[in-house]
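Given below, in the form of structure tokens, are the structures.
One chain, subunit A, appears in both complexes that follow, with subunit B as partner in the first and subunit C in the second.
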Partner chain A sequence: MKKNRLKKYFSNRNFTLGFIMVSILFLLMVVGFFYLPADPNKIDVLKELLPPSRENLLGTDQLGRDILSRVMVGSRISFFIGFCVVLCGGLLGCTLGGAAGYYGGKIDSIITKIIDTQMAFPGVLLALMLIAVFGNSVQNLILALSVMSVPRFARMSRSGFLKYRNSEFVKAAKVKGASDLRIMILHIFPNLLQELSVTATLSFSGAIMSEAGLSYLSLGIQPPTPSFGKMLSEAQNTILTAGWYVVIPAALITMLVLGFNLISDGLNEIYRH
Partner chain B sequence: MNNTNKNVLKIDNLSICFDINGKKCHAIRDLNLTVNAGELVALVGESGCGKTLCASFSMGLGPQTASLEQGKILVNGQDMTQADDTAWNTIRGKDVSMIFQEPMTSLNPLMKVGRQIAENATNRGVSKAQAKEKALEMIRLAGLPDAHRIYECYPHQLSGGQRQRIMICLALINQPKLLIADEPTTALDVTIQAQVLEIIREMCTKTGTAVLIITHDLGVVSHLCDRTYVMYAGSIVESGPTAQIIQNPKHPYTRGLLACLPDISKKGQRLENIKHSVPPLEKRPEIGCIYANRCDECMDCCTQITPKRIVFGQREIACHKYTLDNLEE
Partner chain C sequence: MKRLVCFMLAAVLSCSVFLTGCSSGKTEDSQGAQADTETKSETELPNIVRTSISSEPDSLDPWQSAATDTEAIFHNVFEGLFVYNEKGELEPGLAESYDVSEDGLTYTFHLRDNVIFHNGKAMTSADVLYTYENLAGMNGEKAASSKFGTVESINAVDDYTFEIKLSEPSASFLASNIVAVLPEGYTEQSQHPIGTGPYKFKEYIPGQKVVLELNEDYYEESRKGSIQTVEVYIMTDASSVVTALRSGQLDFASVSVDNANALAEDFDIYNSAQNMVQIFALNNSIEPLNDVRVRQAINYAINKDAVIEGVFDGYATKLYSNFSPVMAVYYNDQLEDTYPTDVEKAKELLKEAGYENGFDLTITVPANYASHVDTALIFADQLAQVGINVQVETIEWATWLEDVYSNAQYESTVIGLTGKLDPDSVLGRFETTYSKNFFKFSNARYDELIQAARVELDETKRADMYKECQQILTEEAAAVFVCDPNLTVACRKDLKGYTFYPVGFIDFSKLSYEAQ
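Moving on, here comes the complex of A and B:
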């Protein structure tokens, strides 16, 4: 039965394509934990902006650092932030949305209004504001991006809880004397996992993109820690002299974001039909 | 059991109304109903006459839009009229349980049925291993073969009849004092309706559970239940031992219902029906007999005076046609 399920997922072209893209970068990151071709932060002025060669597979940057090593380390940040944002945003969003959908009435209208207000606020601006107020650090970046992703999860889970709260099996669970919390977590939530997995992958790619954007503006990850966005902003000065340098982080961001979007599209198609 | 004479469910002068465009409309009016320990009781009536509403209120699951105007609901001797969810949760599943009409949707599609049955026991502090043992035992009692396989099944792998049996197991695992079965066989194939009813009866006799069966089918009631309540538009019109009601119906409504049943002796004839249908909530008269507009034997007083309940023997009836004197003849 398990084999069938895998087959169902991988017979979808979007999902397979996205999965391969994300897997390549994921593997690159995992390998980076055990082996790096060179020290990603070792500055060597003699090796400035070398094109790809046998020694530096993806060339070097303006300070002579090995780009491949920096990419391998930089992908950690992207995955880490994506994961944390989905976890925090998802947890908070599902809790809020779940409470709103399940209890309805006043609780629902209050939570919905808060979420709507948050949605009316431009996301990046909110993140900028949070970082400006609380300072520049990875935790604050995650906090800001999580807050941005809350509405998406909250709306999704609200509609799900709304759909199931009056269903017969929830009534049957009430008849068993199950508490509200138990019904919400054990009986309703598992039924929403499909829809939420689509939302989660979308959020993942959104978070990666926002992180790259903020780092590009020097508001996210601080040097010398490598990150895709930061590398992109460093590379733009040398765009004419060393074209490959700017292509690499840009291609990787695109690959990661596109990969997750394709997975999300694929999941959507798989669950729909 | 030491309290055999105790009522497990007593509904006393219950009135429930809905607010429709600012007007209070009674969905249930002055309803009296008792279920004694270990007894099988039927509540019979047409669609829309308030049977299910009555059952929901007996489980504390009444819709929020309905308001309780007067009366009392006593479950297992405990007054639950004003109880909140926390209070209900302590008796739901343990003392009272319920089976729904639609077995296809009343099980969680993502949880193994065995676990759903066992959950009801673990909710009450039984250990997981014991709960599983109990659940398997219940599955066997319900006449399902290969209990271990069924335990590991998801609802979509079972048929309607099997699922309804699972619901019965689920409801009875804690040996509740009262089981409310809301049209338990309506959604099932005719061929297994009788089986499922028989299982309800058998298992409840074993666990000493009293059953309130809600149905619109007098045929179901006739060979299963000890007592019957006939309900019309929110009120009980006639009640008493089932055999007496079937053989000697008094209220015109009960007679109408019985006449509607198909019978082999009526072969080739048109089936009887009762004219019109149950009036919608906002059109129900506040005084007089609610059945008057559909009654063939309607008299002048029927539309003006609300009939009182007359008690004679074990039966009760609310109709102007009868007085204590002409009933005893």
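Moving on, here comes the complex of A and C:
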């Protein structure tokens, strides 16, 4: 049974491709916890912008720091932020959407209005505003990106709860005397896991993308902590003299975002058929 | 392949020369014939020079404009009673000569009698009178410049003699007369500026370019330009400047060191110190930076060469106080050995000051200046060696201006202070009462010297005072004075004569093409 299910997932080309891309980076990150080729923040101006060699597999940046080590540490930030955003945004979104869908009526219209208002704000603008007011930190970045991803989860779970709230198994549970909370979490929620997993992977890649974008504008992760977006903006200054440097963060961001998007596409196809 | 591209470029360029020749021919027949014969010869050199600036002009009216980029271009259009040369020394401009009274209060300027404004009107003392009435706010309106507060009265003695009386002697008064003289009663300066300079304003297309034309009637042969048309494109993105240089859309432009290295093969690269002070400013008013030993320790701990090599690729001049050697007259060259990099000495001083185990320090840097951010990261690394735990914080430029520059709410920062011709504006930044003294540096002897130098008319004595000021800054370790980063300019190989000035000024009149 379990083997069959795995086979079903991996027979989908999109899913497999995306899974491989993400796994490579995930492995890179995991290895980074135990072993780094060099100190990622060690500045050595005599070794600046060395092209890839045996000593520095991906070369060095404009301050002579080892790019491979920085990439390994930088991927932590990407995964960490993606994970936190999906977790926070998902929790909040599902709670709001669930309540709206399950109870309907006034609660539904109030929550829907709030979500609609929030969707009217462009996400990055909201993040910029939060950072300008509360300062530049990882917590604020996660907060801003989580708020951005709430509507997606809320809409998804609202429609799910709406669909199931009058179904036979919910009525049966009600008759048995189950509380609303129990019905929502134990009876309806598991039926939405498939759709939500698609949304979650999409949110994950969206969060990584936004983090890279904000760090590129120097508004996300503070130096010297490496992050893909920050590396991209640093590399841009040397694009004519050391073109390979800009390729590395660009390729990694693409790989990560494309990987998650492919997984989400693949999941969608698998669940549909 | 490369040769083919070069050939095509040359073909396109010669075509464009031919076209401009034709268009000028339509307006004036006698010149048109001349232009046609000239374009026929194969060694014809281009008669246009194109460059770029990185920001939109803030105002075409020279009395309203404050931006360095705007000044750099429009100093070709406007002139004052004096102009400055490449050493930053004053030279006679619209005034041929001047006399000062014994008490240093009355200045008499003898104006040139052959100066013609770009609108064809001859310049007389009436125009100068009009100019100074506005600058000093003597016509009942708000003064157009803050530099003429000491002016008591002005007077046009005859058509070519002009007199200014001051209320107190001022050493920096002469140097402030580089401000533009404008024709009397002309109110369209902000739409179509009129000056006396070697180049005339032709047109400004917002977001695109400023076009200047040669002033054929310029009065001084030695400063007259030779290239007919100047186009200044507004390009905010550094990489599009490089692309435009490569594709032949620009003839010269200022570029970053990295980009200069990439262009070195096909372009002549010029660079020179630009009279800037890249400073690692320490807030002298907060603990533990209020202890001079701590500031000295930081000075000992830092290795400026690492910044010059790592950030500016060697294209920078090391500094020892808030003064660049470009301004040779006032520069104190005795300070170079004060703080050699010495980690042990730094640790000793910290121990003396009671910070044996170091302390936490935040360096707040404006995020848009990559070179300052990189410098801060290098310092963070160097200070860690003496136990100072540095946190680099990047903030937006507007926030930096507000928090750090205006309100001094910070611990330390890395920034570049732009050069000024008047040593008072450079060193006056550290005067206790100066409103933008964000270093919070305060020293009684220093304030005394700055004030005395303002009214000292003897240049040698004044220079000595400024040298002592620099010595105080260094000894008190007011900040870490890092380096003067070079200005790097990429210039096409047949364009000669690019000249550096100690302030932002692109002198088009010195440029000319030479056959290769």
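Keep in mind that, in the parts below, the second predicted complex is superposed on the first by the 273 of 273 C-alpha atoms of A that agree within 3 Å, B and C clash if a C-alpha of one lies under 4 Å from a C-alpha of the other, contacts with A are read in each partner's own complex, and residues count from 1 in each chain.
Simple rule for what comes next: a residue touches a chain if its C-beta (ideal position, glycine included) is under 8 Å from a C-beta of that chain, and two chains touch if they have at least 3 such contacts.
All figures in this text were calculated on a predicted structure; none of them were measured in a lab.
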Is this a clash or a fit when subunit B and subunit C both end up on subunit A? fit
Which of the two, subunit B or subunit C, is in touch with more residues of subunit A? C
Quick one: classify A:Gln62 as touching subunit B (first), subunit C (second), both or neither. second
A:Gln236 in the overlay: touching subunit B, subunit C, both, or neither? Say first, second, both or neither. second
Computed vertex angle (subunit A) for partners subunit B and subunit C, CA, steps of 10°: 150
May I ask you to decide whether A:Ala172 touches subunit B, subunit C, both, or neither, giving the answer as first, second, both or neither? first
Quick one: is A:Pro223 in contact with subunit B, with subunit C, with both, or with neither? Answer first, second, both or neither. second
Touched partner set for A:Asp180, first subunit B, second subunit C, both or neither: first
With the two complexes superposed on chain A, say which partner A:Pro190 touches: subunit B (first), subunit C (second), both, or neither. first
Just to confirm the value: shortest Cα separation between subunit B and subunit C in the superposed three-chain model, in whole Å. 50
Determine where on subunit A the residues touched by subunit B overlap those touched by subunit C, and list them. none
Touching residues (chain side subunit C, partner subunit A) in the complex: 238-239, 242, 256, 258-259, 261-263, 306, 309-311, 367-368, 370, 373-374, 376-378, 380-381, 391-396, 399
Subunit B residues touching subunit A - in the complex, by the definition given at the top: 59, 61, 85, 88-94, 97-98, 100, 102, 105-111, 119-120, 123-124, 167, 170-171
Using the touch definition from the top, list the residues of subunit A that touch subunit B in their complex. 167-169, 171-180, 182, 186-187, 190-191
Contact footprint of subunit C on subunit A as seen in their complex: 41-43, 45-46, 48, 62-64, 132, 136, 217-219, 222-224, 233-234, 236-241
